[in-house]
Structures are given as structure tokens and as C-alpha cells.
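Chain nomenclature is as follows: A, B and C, assigned in order of appearance, with residue numbering initiated at 1 for each chain independently.
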Amino acid sequence: MLTREVNDLLTQTGADRPMGQMFRRYWQPALLASELPDDDCPPVRVKLLGERLIAFRDSKGRYGLMDEFCAHRGVSLWFGRNEQDGLRCPYHGWKYDYTGQCIEVPSEPAESGFCDKIKLKGYPLVKVGDVLWTYMGDKEHRPPLPAWEFCNVPAEQTFTSKRWQESNWLQAMEGGIDSSHVSFLHSGSLQTDPLFRGAAGNKYNQADRKPVFEVVDAPGGLFIGARRNAEDGQYYWRITPWVMPSFTMVPPRGDHPVHGHFWVPIDDENCWAWSFDYHPTRALSDHERQSMIDGYGVHNQYVPGTFRPRQNKDNDYLMDRDAQRRGETYSGVWGIALQDASLQESMGPIVDRTKENLVSTDNGIIMARHRLKKAVQAMMKTGATPPGIVPEHQQVRSVAAVLPADKPFAEACRDDLRVRPGVKQTSV
Amino acid sequence: MLTREVNDLLTQTGADRPMGQMFRRYWQPALLASELPDDDCPPVRVKLLGERLIAFRDSKGRYGLMDEFCAHRGVSLWFGRNEQDGLRCPYHGWKYDYTGQCIEVPSEPAESGFCDKIKLKGYPLVKVGDVLWTYMGDKEHRPPLPAWEFCNVPAEQTFTSKRWQESNWLQAMEGGIDSSHVSFLHSGSLQTDPLFRGAAGNKYNQADRKPVFEVVDAPGGLFIGARRNAEDGQYYWRITPWVMPSFTMVPPRGDHPVHGHFWVPIDDENCWAWSFDYHPTRALSDHERQSMIDGYGVHNQYVPGTFRPRQNKDNDYLMDRDAQRRGETYSGVWGIALQDASLQESMGPIVDRTKENLVSTDNGIIMARHRLKKAVQAMMKTGATPPGIVPEHQQVRSVAAVLPADKPFAEACRDDLRVRPGVKQTSV
Amino acid sequence: MLTREVNDLLTQTGADRPMGQMFRRYWQPALLASELPDDDCPPVRVKLLGERLIAFRDSKGRYGLMDEFCAHRGVSLWFGRNEQDGLRCPYHGWKYDYTGQCIEVPSEPAESGFCDKIKLKGYPLVKVGDVLWTYMGDKEHRPPLPAWEFCNVPAEQTFTSKRWQESNWLQAMEGGIDSSHVSFLHSGSLQTDPLFRGAAGNKYNQADRKPVFEVVDAPGGLFIGARRNAEDGQYYWRITPWVMPSFTMVPPRGDHPVHGHFWVPIDDENCWAWSFDYHPTRALSDHERQSMIDGYGVHNQYVPGTFRPRQNKDNDYLMDRDAQRRGETYSGVWGIALQDASLQESMGPIVDRTKENLVSTDNGIIMARHRLKKAVQAMMKTGATPPGIVPEHQQVRSVAAVLPADKPFAEACRDDLRVRPGVKQTSV
């Protein structure tokens, strides 16, 4: 349970809100690189943290992300012409370079210097892996580029998708660090999804539906351990790293690719659910990659031409009551991604956390909220740099392991929870 | 004409508003019994008086109506699994019985007593006739079950439907007690509708379009008499009972089944128009029942899979100007139900009654508003029980009769206006 | 750039706002005459300046425009029966004549005089040309009928259409007096549109994309001259008259019909873009008229049964990136009308003029805003009659001419800028 004030603090991400300022200290995934496939290709509208922006790729392959609207009289640059190193407004031909700097106002003499004074709010847009990342904060605080393993392995080892979710970012993220719902909501999919089924560890998930949670602080956030009974008095541990503010990783299963998420505010009632899948040491198989494209695992199918899921609240997520009755899907919704999204959206755009009743399995969520609150308050009060910004904090892995009963997971898996180039994930 | 204050008083039905509290003193129709046809069938979302609720039927056939959202973290229980005497949230498996009591929290030891402390707001849901009724008020004030004749005759004698109306409940109800519009709006349908045409009394409706209204107090509300000229100096009386707050009955026609309505707030800008048709002493014929299913009389056709009328404001109610010109339908809209609904919705979600110009034929409406206001103010001030709650008040019938000019209708029809088991309705 | 206060002043047109009161001093185009084609034809809903109105044509061919809602209980008269010299509400048969005067209340005795006291707010509706005009102000200020040339030439010489635009009226009107965007936004269409291509003057538009603007006061508003270089040190002038508050004319091209617009508030977030095309001295050719019907020139295609453009913001105006790349359409949107509308709508419903950066080519816009502000403030303070109301102010023409460098355009074209019956437009 949160007070109204703390719920507002954590869920409001506009530029003038504390959490909005904290989000603006991190590199955020902004677009799939495939959305800007070629030099001089059409510009793309992007909304992030409540700001309406336009992204484009210029004739030299440089990426730009800037205010969507022309500085002259407010026309959307989505109608713009992407030509010769800049994006030109189609109304009166004002032209901007990839930084947002105006470089031509046809009606004004070049020597007047008028256009030098015109600059749109612009943010860096940088390709790392399959993703274009942006940093929307002050220049002085700009951190090093994203160091996440999924976007720094070779291209053949990784796959990323994004999906529009019609809820606040926080309730989406809380689903990402909530291992306990897997035994219920995803119990059907564990047995059928090509990217989940077949792992030896799955049997523990199914057999022990009362995991015990242990959560320990990590430099960038938390390690959330969910302990289930295994053979011979041992424990089956699933360890989820959370790095502030919104990076989460699902513990691995067998030799399947490892998946995880970013939950990025579009505005306070919508977010981008970014989903990646990668293998640290081998290429994804054709079958794996095709399954991801087809919407299995943490990915999904789309309304054609959009990033909205084909199953969405307007069609009741294509609820299948017969499959629910037969237990093939626990909630009646097909697919892991939409199983989560449907329930999180059903809470309403911003869930009212003053009405919750939390239990021990919500410990990860409770501690994550606590650390978010502490970090945002410290940043506002003393200017302290929030966790998760430096590359070291991002060098984390999820783990699935069977451990002796007397071994604390964080100690036993210290090395496994760090990125180790050339060493595969620790998984059961 | 009402003041802004009285208009607000009568139209606002949230739990914190006086009229909302008064509505919560009555049994209200909540669902058709056919919406929960089997034990353990899928749960159904219901919105009533501004509250979002979930209805279900458990393994033992017990009906439950409770808060739509799980007490844990707010997921909609519409995604729930209806299994073994309870509805289970698909997120973490919390389970509720038909009263809203939590009976299982899988992550917590049963002996902790945690789940005993979790109870969703729950209301009784009881089948009487074809309808599931709920009572949303305090336990101490819970009245006896609904005693309306239409839901207490044998099943073969009755038929009930419901329809979503996009307006406040009051302007819908006011249409239900307004006999004077029949000579205009429904004049075409009187001659063509299989459930209206052919009654001897119809000719008076058509011939005399200036009915004189006499309205008398009844224990539960009003008897609204509309007097038209008949042969030999006699009067043709059509008498509409209104029982607080929102039960209305249309006067009968010949031996046709008798129909009536409940107007139940969904929220303040939407209501359920419940429509019933029954015969006190005989089974409905196959042709009558099929006509009701086909949307004739007070019933209507639907957008498939919904309770929204096929003719609705998004398609201008399938306005037929040619039929209007020919007089087959007076307003250009087909069907009695949608003739009323289209006009009531056209007033806007909550009609502004400060701008009205009422006339003598509006007397029934004027007196109904007055009694509603008096009852709600008395209840708020002194705790007085509002009329219409006790079964005796509900034992009313509508009447159509030709009476001598010197007979006051209420006296002449005293017995006819009461339910008399085994005696058919008084009709012309 | 405007202050927030001045932006509000100029964009808000409700009956209680200064600009709303100024708009109510002018005759406004309300409907196409073809919307009420016959005596006793179906009534038509119209929203103007935020008021919801109903228009009809009675049995004697008289036009009425009045409050949409019946004075009795607020039903929309769109469902009314248009019969025998009046529009009858279908609920209880109240009937209104073309002035809004109630002429029958069936339930009340005629001798009671009740209905004489009932009058809906009503406005005159007068056919001049192909347009039905209304005047929504006080009787005492009612001006002479519209004297615009386009609606006073013979029917075979003129064509008018209207289109729903999803923006405030002012940003639409500002597009109409902004000659400088033609060289960019419409550069493709100048070469392909059958109603634009082929004029000798077009070559100057294409060759000189840095027009110099000279704006001079006119009795009713402004003459906005855009000067481009022509041969031999001469200037090619395109002169746009603007008459307050929202009449604009495009300068002519060769012997093409001349076109222009009215921009009329529906409410503050929507406007009617009226578009006319006429030739002062000859009939439109079949090909010209068919091109207008087909949506060329300043006209457009529609969503069938509506005045909404087929290309609209819900379908991204059928953006054609390939045609944009090839330069066939500069912004990727086809058609001159939608090229303008798409950009103006992209600014948002009411553009925030506190964020603009205006340049010299915006001088016409700057001066028009200034005159609007001055006129509305004078009217509010001293009751001064705003410009553009008297017929003389409306007798204007647009001009395209090549002039010697030392001739001021207003002086050189004094006669050409006035309507001269039997004399064709001055055009290149």
C-alpha cells in the first residue's frame, strides 16, 4: 500500500515532476533501429515521458530526435521532407539538422543570422544493438552509452521488440519483477510456449506454488530471489535483477535465450513495453527467431502497421473461455506478453495503490518502490546520482539455479549475476 | 422546470449522493438470469449506480455480485477462473466466494488467517423470475424480495429484456410515465406492432390527442390516469402505475401481454432500460414470445454480443425519412423502444431541466419528481423509509378501461389496480 | 507571437466572448442551399459559433434556423416532422414556424395563448447564391445581405463547397492569407491540378521562393501583396484581399475561375472551411465544374454522407511518401485543400501562438491579428461597428499582375481590386 502522495510521486513522469526528472537521467530505448532503416527515410513520431517528438535519420546516417513541431508556426514535422542532411517543414521550407538546429529559413537572407537563433529542443539518438537510445536530460549529466548485455552481443544473438501498453509504467514494471505470478498466470504457457517449454526447472515452478522471496540490494537496484523446493532438501532459485528505474530480466530456462524488459513511459497512462531475447554465447536458432517474430515468449502479434497488440482491450484480448476452462491458458488470454498486459491494463490507467493488500511475495515490489522513492528524493534534495546509470550497474544477468538449502543465493551466485563475456547464463 | 439544485439531487446516484443512497434502499434488477446460465460459467461485468462489479455463479449455483477488482493489486476479476465454489484471480490465485469473502491466498499459510481479513464489497444476488436482483444498501435495511407480479408468475407467462440507454435514468423514467406522447410518437406503431395493434382501445388513442391527466397518490408512488373521450360521453382511461423510484407499467391493450419497465442507473449518464412483458393468467403464445425476441413491442434488436441497440446514436437510429413522411413511423425511427430512447438520448446525457416549459399533460412527471424529492429529503433528514420498498407497494397493475364520466378512476378501478392472482388484467 | 490573453481573445467565439460577439455582427455562411433542396425536406443539424441549431425549409420555401432542442423537454428537433409550414417535435407534437415561434401545442387549448409565449431562439436564414446565410446577432445591428461577388453572379458562373476542419478558425484563416507557403506546400499541385496548372504566372511562383510582402489597409481588412521577381526588373504581384473577420481570396491564375474561402467557427476546436470558385464574366466549363465536384483545386473529396474529407487525421491524410519523395506532392498529402488542412490540424486544435517565431513573410498574418484585436476591442469599448460589414467592404477582388518596379501595387491595382460587373478579373 502506498499513500496517494507516494503513488503520485512514482507514477508521474512529466518534465516538471521529480520522477520525470529522474527518468531523464538515464538512456531510454526510444525506437527500434528498424523504424529508421535508411538514410533520408520517412520521419517517425515518438512520444516519450509526455513529450511529442520526431525522429529521423539524415543523409549521412545520423539520427535525430527533436520537438515534433516546427518553431515557426507549429506544424508537425511528421509531414516533413527528409532531404540533404536535414528535415524540412513542408509549410514554408524551414529546415532542421539532426540536432534540432535550424539550418535554413528560405524567406530570410542567409546573412541575417535569423535561423542560427532557431533551435528545436533536441535529444541525442544513438544506435546500440537493435535499439535507438535517447537521453532527455541535461548535457552535464549525460552518462556513458547503455552497457546492457542484450544490446552489446553480436546481432545474430539478439532480438528486440516493443509493444504499446495502455497503463502507467510502474504497474507494468511491477509485473516484470513479480516472479510469483508465473505459477498461476503463465502456468499453461510454461508447457506450450516454444520459448519457455522443456526446461528442467519448469517442474519446480509447477510443483511449488508458494515461493519464498528473498530480496537483496544490488548497486543498481535489486536482486529478487524466488525460492522453490527442489529435490533432496535443495532449493530451486529464480533470480530477477531489477536495475533502476525500469530494467528487468526474467530468470533463464534451460538453454533458451534469456529475456527481459524495459518499461518506458509514453505518458502517465501509457508505456512502451520493450522486450528483448538474447543468448550470451550463441546465435539464436532460426526457429527461435521465427518464434519471436511470430509473437511467442515475451513478444506478441500486432495490429498491422502499429505497435498495438492484436489482442487488446477493445477486443477483450480475444478472451478464450474454453481454453481457460481446459487450463491451456489460465486467464483465458493467449500468450505470455498479453497475459501480463491484459491484467495490468485491467487495473485502470494508473492503479490506485492506496487500496492494495500486499503479501510476502510482493517483497520485490515493495523494496523496488522503496528504492525508487529514496533515489528520487535524494536526487531532488542533494543532487545525488540515482543508481543504475553507470555501466557497472547494468552488467547484470538473471539466474536459475538449484542450490543447497544453507547457501544464501546472492553469495552463491555472485559471479553468475554478473555479465561474463564468453560464459553462458547460469540456468536450469 | 427544476432548479439546478433539484435537477442535480434527482439525477446523481453515486454512493455519496442522496439519490444514490435512496436507490440503495431498493432491490434493483442487475442481470438477466440468462447471463449466468450455468454453475461455474464465465463471470460477467456489471456497472450499477456508478460501481464496477463482477457477477458470477458458483459450483453450487449460488450467485455472487462483488467489487470487480481483486483486493490484492487491483486486477479485474473478469479474467478470473470460476472454479470449485469460488472465483479465482488469475494473477496470483487469490480466491473469493460468492459473498466476496477471500477464501484462499496461495502464497500465505492457511493458518495465518490472512485471507479471513480480506473481503471484497459484496452484494446479494437473487433470482426472482428471469431476473437476478441485487440490494446494494446496508444490511439492516434489507427489504423483502421483489414482489412484482411480472417476475412471480410462472415462467411461461413472462419475458424480460434489457437494453443500454445512453442517458440519465430520470429522463428515461419520465418517458415511461408520459402517456401523452403515445398519440404522437408511437401513432404509427400502434397500427403495425404485433404486440400493440388490434386492441379496441387503440382507436381512442388515435382519435383524441388531447388527453386530460389526473394523477393520484398511491402508497408506493402514483397512479397516473390519462383520460380520452369515448362513446356516449364516457371516458377511455389509461392508468399507469409508477412505484418509486423507477418502476413503471404501460396500460394494457386488449388481451396483449402487459409491459413495463425498470430504469436503473449504470452511472449518471447511462442507464439500463429493463423491459418486461407478461400475462397474469395465461402463457405467452409462441408468436408473442418470438415477437419479443425479434425486438417488437417494448423490446429491441441488439448489436450482436452486447445489450446496445442495433439502432443507436452512432448510426442515427437508422433514421428512415421516407417512412416518416408516409407516417409509418412518426419520428422516422422504427420500433417503440427506440422511438423513446432516441428522443431521450437526443436531450443530452443529463437533460437541463432549468430550461423546460411544462404543460398540464406533464402532471405525472411533475408529481413524480415532487415525490422523489420529498422522499429523498425525508430519508436524509429523518431516516424515513421511502415508498415502494415494501411488497404491498409493488402489487400494482396498469389498467385500460372505459368508465362513465362521473366516476373518479382511482375509485372505480381500485381493485383493478391491484394484483389479483388468477384474475386477468383490466383492459380494453 | 501572441500573449496567451490575445490568443484566447482571437480564438474564443462563444456567445459570451468578445470575438464571439464580433462574429455575431456578420452574415455567416451556414449551409449549402443544396442541403435543403425542397420545401418540407428533412431538417438539418448545424453547429455554429458553439450553438447547436436546426435548419429547415417550410412548405412555402421559407428557411428557418433555430435552437436544435424543443422548448418543452429538450428533444432534438432533428427527429421532427417538417409539415405544413412548420417543424413539429415528434415527442408531443409541438410545432414551430421558420422563425422559431411555437405555433401549436396540441395538449393546450388554442385559446389559452400558451404557445404564443413559446419561442425558440431563431436566426434568419437567407439564400444568396448557392449558400444559405445567417445572422446571429441583435436585430438592431442586422446588416444588409452579403454582397460578395461569388454569390451574386449567375448560377452557371459559380460553385461552392464546404468542408469540416478539425482546428480553430484562426489558424485555418491564417493559412488563407499566407501566400508564401504556395511555393513550397503546393509546388507539386501547381503543375498538376487542373484548376491551377497552365497559368503564365505560375513560373514566377516556382522561380522565386522568397516573395517580399507588402500589406496595406483596406476599408474592410487588408490587401496582402506578395511580390516576386519577373522579367526585365518588373515584379509579379499576387494580391490577397482579406475582409474581416474571415473572408479570404486566392489571387487568380490565368483565366481559371477565382477561388476563395470563409473560415467559420463550428466551435473553438472545429471550423467550416467554405470554398468557392467563380468566374466574374463567363460560365464555368463542364470540365471545370466536374473538377470541382471531383475535389480538385480548393475543393476536396468526402467521407460519403458527410462533409468530412476522405483524407483526414484518422487515416493520416492518406500520406503518400513515395509521391513526396518524387516531389509530386511536397508534404506527401494529395490535393491543395488537404495539404493546407493537414498541416493546420497538425498544429493541434488551437495552436499555441506564444511559441511562434514569425518572419517577414508573416506580415499579412501579423497585421490581420492586429486589426482583429483592434476591432474587437473598439467594439467592446465604444460599440464601434467592425469593418467588413457594409456591402462596399465586400466588393473586393484578388489580383495577379506584373507591374513595373516603381509602382506601388495598391495604387496601380486600385480598380482591379474592386468588383467591376462585366469586367473580368485581373490575372496573369
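What we mean here is this: contacts are C-beta pairs under 8 Å (C-beta built on N, C-alpha and C of every residue); 3 or more make two chains touch, one makes a residue touch a chain.
Chains and their UniProt names: A, B, C = Aromatic ring-hydroxylating dioxygenase subunit alpha.
Being a predicted model, the structure only gives us computed values, none of them experimental.
Engineer: Can the chain contact pattern be summarised as a line, a ring, a star, a complete graph, or none of these (other)?
Structural biologist: complete
Engineer: Quick check on chain B against chain C: do more than half of the interface residue numbers occur in both copies, making it same, or fewer, making it different?
Structural biologist: Both copies touch with mostly different residues.
Engineer: Roughly how far is chain B from chain C, centre to centre by C-alpha average, rounded to an integer in Å?
Structural biologist: Spacing between the chain centres: roughly 48 Å.
Engineer: Send over the residues of chain C in touch with two or more other chains.
Structural biologist: Answer for chain C, listing residues that touch two or more other chains: there are none.
Engineer: Over in the complex, which chain A residues touch chain B? Could you list them?
Structural biologist: Counting only chain A, the residues touching chain B are 171, 174, 180-181, 183-185, 209-211, 319, 321, 324, 330-333, 339, 342-343, 346-348, 351-352, 355-362.
Engineer: Within the complex, which stretch of chain A touches chain C?
Structural biologist: Chain A reaches chain C through residues 42, 69, 71-76, 78-79, 81, 90-93, 105-108, 114, 118.
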